[in-house]
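The two complexes that follow have chain A in common; it is paired with chain B in the first and with chain C in the second.
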Partner chain A sequence: MKIGVFVCHCGENISSTVDCLRVADLCKSYSGVEYSVDYKYMCSDPGQKLIKEAIHKYDLDAIVVGSCSPHMHERTFRNAAVSAGINPFMVEIANLREHCSWVHDEIEASTRKAIELMRMAIEKVKRDKPLTKINVPVTKRVLVIGGGIAGIQAALDTANAGYEVVLVEKEPSIGGHMSQLSETFPTLDCSQCILTPRMVEVHQHPRIKLMTYSEVERVEGFIGNFKVTIRKKARHINEENCSGCGLCITKCPIKKKAYNSFEEDLAFRPAVYVPFPQAIPNIPVIDETVCTYYKTGKCGMCLKVCDREAIDFGQKDTIHVADVGAIIVATGYKLYNIEKKSEDSIYKGYGEYGYGKYRDILDGLQFERIASASGPTSGEIKRPSDGRVPKKLAFIQCVGSRDDSKGISYCSKICCMYTAKQAMLYRHKVHDGEAYIFYMDIRAGGKMYEEFVRRAIEEDKVKYIRGRVSRIYEENGKYIVKGEDTIAGMPVEIDADMVVLATAMIPQDDAGSLARKIGIPYDKYGFFNEAHPKLRPVESTTAGIFLAGACQSPKDIPESVSMASAAASKAIILFANDTLEREPVVAKVNEDICAGCFYCMKVCPFGAVEVKDVKDMNGIVYKEVAYINQGVCQGCGTCTATCLSKSIELAGFNNEEIFAEIAAL
Partner chain B sequence: MTSDILKDAKKLQTSFIPSGNFKESFKEKEHDKNISIQIHERSVEDEITERTFQDVSLCYQCGKCSAGCPVRYYMDIAPNKVVRLIQLGYYEEALNSDTPWLCAGCLACSVRCPKEFDLARFMDAVREIALEKGVEIKQVNILKFHNAFLDQIKNHGRSYEAGLVADYKMKTLDLFQDVDSAPGMFLKGKLILLPHNIKNRKEIKRIFKKTSGKN
Partner chain C sequence: MRYGYFPGCSLTSSAKEYDISLRKVTDKLGITFEEINDWSCCGATSAHVTNHKLSAALAMRNIMLAGQQGLDNIIAPCAACYNRLIISQNEVKNHSGIRKETEDLLSVKFEKDLKIINILELFLKSGLNKITEKRKRELSGVKAACYYGCLLVRPAAITKFDDAEQPESMEKIVEATGAYAVDWNYKTECCGAAHSISRRDIVIDLSKKIIDDAIAHGANVLVVACPMCHTNLDMRQRAMKRKYPEHKNFPVLYLTELIGLSLGMDEKDLGIDLHYSNFKYADTLMNNSAKG
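On to the complex of A and B.
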């Protein structure tokens, strides 16, 4: 075997503490080394040319590059080797920068260390075997989890690019929180008016399979080849027969037993209901927990009035399996509430704001419903307790957010804007009303955002008071809001008729359990982690699973939409090829000596280990061995280290190679 | 406690910020009154950090403490502003304020603080430092009340209300303050005439001796 050695100076990064010339000279004397040279910038074009020419001239079989970390330039040198006709896995990198020159300052000692590192790499490369990339087929279908604005956008983009989409939504209708909003900042356009056409588009799209009132049960497989199990919850309505006439809803005698969660519990709904009139699909759901039929076996009013025989009390949950190549997670957020929390919760409630016992202290979404033309008050601002029009309204920002003592350190990002919008809406609807906003900082970074806040102050005369509110209590039907204007240095007390709290955005309750099901990491709050905060913001660390919207961190609508489009394009990029190329650095089981203890299965963090039956000539199974799915294996080596019978080897890092490296020291 | 690096950084920070000729004026006072002092390399901020085990930079000036303070209306500057003055190195202004003295230690601020900054403890430290540095105390009567209360503890090992009233009145010479509330309190058993001493008063006296450094 002929080996070429290339020692890089990395400008002065390596050469300032390592005598590169001496390293290169010494390497010449090692057996198998045909050619050895040093150069100032090996990664540069002339440097790569030097490598290629040497490979041709000396007919090299393998090369060793002493340079920076393989994270940085392994790919560069491998590509250079490939273009000169060498297998990319016959290239070894000795890390002379991060592991040597940067961490030492004595030239003699660090040169000696560099020589040792080079010798190790040379010994390893002698035993390296050419590897070929693994090709795995790609199922060109996407699973989108969550049917809010992010999920809708991701589904539409992927479907319009020509791929099939399965959109799973746990609620009876898609639309998410955006469908609850009245008007949107900074343009004040009606939320429903811009959202519902998109919802209809999803419903009518030939390539989107919409599964509402469904939840993801299990995800198996790997990038390009996921197998997803979806539980479709029983609606007790036959979807094919139902025409969405709504007769069952109007005739249902149960009127006031269940709160309407779409109206943020400000109104009631019947036992059979659609969340809101523009729901997609417009098919009702029967709530088993309040329906009289499920309690006494009587009533059945809906059954009598439905002339399409769509009511099916005996309907059961059904399980569906979908094969997909990529998953886009867009599960969104919920609002923190100020109620008293249990001991084990990471959050704490706001006793000083009454733990949610006052009916006229609302959160942001409740106020959206009250301000919405389709809401419980038909868009008139009224107090939920007595229906009076509030003449003095206090808005409080950063409730929960930026409050370490309540368990949330982050800024929820959108509250500054929506509070300004809500105060503006209130002033537009109640001309003689006063609006006060208690804030700590105004974070209005975004196109036309700062201008919007200034408009609230200058045109709509909303009073901004800088200071957190210490306490709210009821006195003669008014809510006394005790604050301090820290700019004026004066205490402030406002007798408000209604208080709106801009409570923090937190992940959905089941975000953590979903993340464990699909195998993606999440932070301490339950927001899903991106692969890299700057350069890979829409990818999860698991290949083939992408993130969109507020499930990753608090976001407003434009940001969620752009993230959804980015996630969709990531999926589309994945589908550009029929097969996926994967690094061949994967573990392989020697079936002859595998004892079938399956310890590897327990330790594998990616679920790559499967059970394989070994059959004799007559086709009779005589033992079970471990089998590693090459598509799933990420080459971490955990199974290799765990295997008791030493029957697993990691390609590119097998025992022989590693021991030779150690022996060279 | 704060690391050395943090301390250096703070020194650097405070050295940029004008704090008047505060140190000089202090030295004169210290010299005149012959108070034993530590070496003042450390800033007042470091001093507070050491006494309260919390970093003053934690406070992000939301003002919730001032908003809920029951005695806020009597203070010359808001409680959050005292923290601000310390953060910026305006120690003289902070120590001269009567806000720390009016603080009743009800802990409403400490309980509600979103950054879990114990403001009541901070105020304690400010009061202590003001005393040690010999700053002129504007709220003299409050200081007298504190001393009168401590005297009861020293003498009886526990609170003794009648003694406290007598002692305070002797110290302030304002004999008729709040006398009209005395009969009511007496009838409700809030003013017991004879003190209840604890058993081992010597130990209490020893604690006082050890901690105060005098008598």
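On to the complex of A and C.
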């Protein structure tokens, strides 16, 4: 075997602490090394050319590149090798940058370490075998989880590109938080007016299968070939028969037992309900927990009034299975609640704001409902406690956000904008009202955003106070807001009639459990992790699963929509070919020595291990062994390390190769 | 478990009645403790604004003495003493530099890990049922506003006791005496503290706000657990009256005094006659009880 060695300086990143010339020279003396050279930028065009020419000139079989992390340029050097006629898996990278030059500062020692790293790679490459990529078929259908604006956009884009979509929404209607908003920044156009046409489009699209009041139970399989199990919860309404006339809702005698969650608990709803009049689909749900029929077996008023026989008290949850090739996760966010939290929660509540005991201290979404023409007050700004119009309104930004002591270090990003908008709406509706906003910084980055905030200050006379609020309490029907004006350097006290808290955006409660079901990583808060913060922001680290909207981090509408379109395009790109190429770095079982203990099956995080029958000449099963589905295997190597009989080998990282590396040290 | 007792300077002087009532009440409830031999000042406000080393050493000296005496816990009834002791102990625990420095200054090695407890913890730990069982006087007409001040439950990360923003441990104790604890707003607001001497005007305004809020929420007595708070809220009422003529004397009791009253003790025995505002507490409260 003839090996070529290429030592990169990475400008000065490596060469400032590693004597690259010495490394390259010394490598020449190792057995099997035919050619060895150093160069300033091996990844550059002339650098790659150098590699290709050397492969031809010296008739090399394998190459070792001493450079940056394989995460960065393994693919670059493999491609160079392929174009010169070498199998891409006959290329080894010794990480001389992250593992050596960047973490050491003493030239002699780091040069010696670099030499060791090179020797390891050389010994490994000698034992490498050419591998060929695996081809797997692709099911050209997308699962979109979440029917908010991000899910809607992703579903429409994919469907309009000609692919089938299954859209799963856990609530009875699609629309998400956007359907709750009054008006949107920075244009003040009505949220419902721009959203509902999209919702209808989803409903009527021939290629979108809409499954509301449904949840994803299980996801099996791998990129191009996911098998998804969906639980469709019982609405107790026959969807085919129901015409959406709403008679059951108006006749339901249960009026005030259940809070209306669409109205953010500011109103009640009957036992049979649609979340809001523009709901898609316009089919009600019977809430078993409050419906009299489920408690006493009596009532049945809805049953009597429905002339289409759509009421089905006996309806059960149904399980549906869908085969999809890609998944777009768009599960959105919820708002941080200031209530007292349990000891083990990462969040802390706001005792200083009364832990939610004051009825006129609202969060952002509650204020949206109060400001919304379709809300509980028909758009009139009124206090929930007594219905009076508040003449003095205090807004507090960064409640929860940017406050480590409350458990959240991040900025929720949209609150500066929506608080400005809400203060503006208030001033437009209550002309003699005063609006105060307590803020830490104003973060108004975005097209027309800063101009919007300036408009709130200059035209609508919203009073901005830079400082935190230390306490709120009730006194004679007013809320005393105590804070500090850090610009004036004075304490401030405002006797507000109502307070709106811009509470932090946090992931949905079940974000973590959903992530575990579908196999994608998430951060400590429960936001789903992207594959790369800059270059792969809409992909999860699991191939074929994409992210859209606020489930990844706090986002406003335009950002969520852009991300959804990007995720849709990622799925469409995936579907451009009939089969997918996968890296051949997968585990394989040696059936002759496998004892069938199936420890590998227990440890495999991807569910790639199956049971395989081994038959004798007569076709009789004489033992069961483990079989690894090459399409599912992600090459993590956990099974290899676990296997007691050493009968699993990971291609590209087999025992012989790894031991040779260690022996070279 | 042996409780050590650190009275601190206030309880031997301006807050003598706090010491008297504490000893009487604990005696009655069967809680025993030993006073730390040769204890000295905790450093109070002056030390920690003057010299950090000094403030740590003064507090740690007392903790060290308690350890040498074989005690396991230290009861510090004064909120400021409690705060100084627990903060210094925490600093020494978590910063090897400060630990070394303080050990060198005191020529000792800190080995024993003593728990510093405040007055509320003492009663919660020793069992509220003891109070309820030994109750002699009917206090159902007493509507107490429990005032924690700023030091008793703060800083939360160090004291790890109760909820710093909405504490409720004192209410539990007050309710064990049979009195009613009102819900009010100024539980943890500042009374003006040591500004009592240098900026009396600030203290008068802040303390008056506290009393007014208690009254507005239906309280007929303010219950405190800090000598400084008591001084400001009780002694400064005379000056309050000069500035705000409509101000009416309002009773301010130490928590231990309220417990003592519920246990049937005499006002004089509890040292209540040492207060500035002249009240026949037992009578007033009794009358209220009778009225319901």
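Please note the rule applied: the second predicted complex is superposed on the first by the 519 of 665 C-alpha atoms of A that agree within 3 Å, B and C clash if a C-alpha of one lies under 4 Å from a C-alpha of the other, contacts with A are read in each partner's own complex, and residues count from 1 in each chain.
Everything below uses one rule, namely that contacts are C-beta pairs under 8 Å (C-beta built on N, C-alpha and C of every residue); 3 or more make two chains touch, one makes a residue touch a chain.
On a predicted model such as this, the values are computed, not experimentally measured, just so you know.
When both complexes are superposed on chain A, chain B and chain C end up clashing with one another.
Look at A:Glu474: by the touch rule set out above, it reaches chain C but stays clear of chain B. Legend: residue contacts after superposition of the two complexes on their common chain; A:Glu352 is shown touching both chain B and chain C. By the touch criterion stated above, A:Arg402 is placed in contact with chain B alone, chain C being left untouched. In the overlay built on the shared chain, the residue A:Glu264 is in contact with neither chain B nor chain C. Comparing chain B with chain C, more residues of chain A are touched by B. Once the two complexes are laid over each other on the shared chain, residue contacts for A:Glu657 go to neither chain B nor chain C.
Superposing on chain A, the segment of chain C with clashing C-alpha atoms against chain B, chosen from 39-47, 129-137 or 165-173, turns out to be 39-47.
Shared interface residues of chain A (contacting chain B in one complex, chain C in the other): 352, 471.
The touching residues of chain B, counted against chain A in their complex, run 60-69, 72-73, 77-78, 80-81, 108, 112-116. Touching chain B in their complex are the following residues of chain A: 352, 398, 402-406, 440, 466-471, 482-486, 489, 491-492. For chain A in complex with chain C, the touching residues are 340, 350-352, 354-355, 471, 473-475, 480. Only residues 163-166, 185, 189, 213, 216 of chain C touch chain A when the two sit together in their complex.
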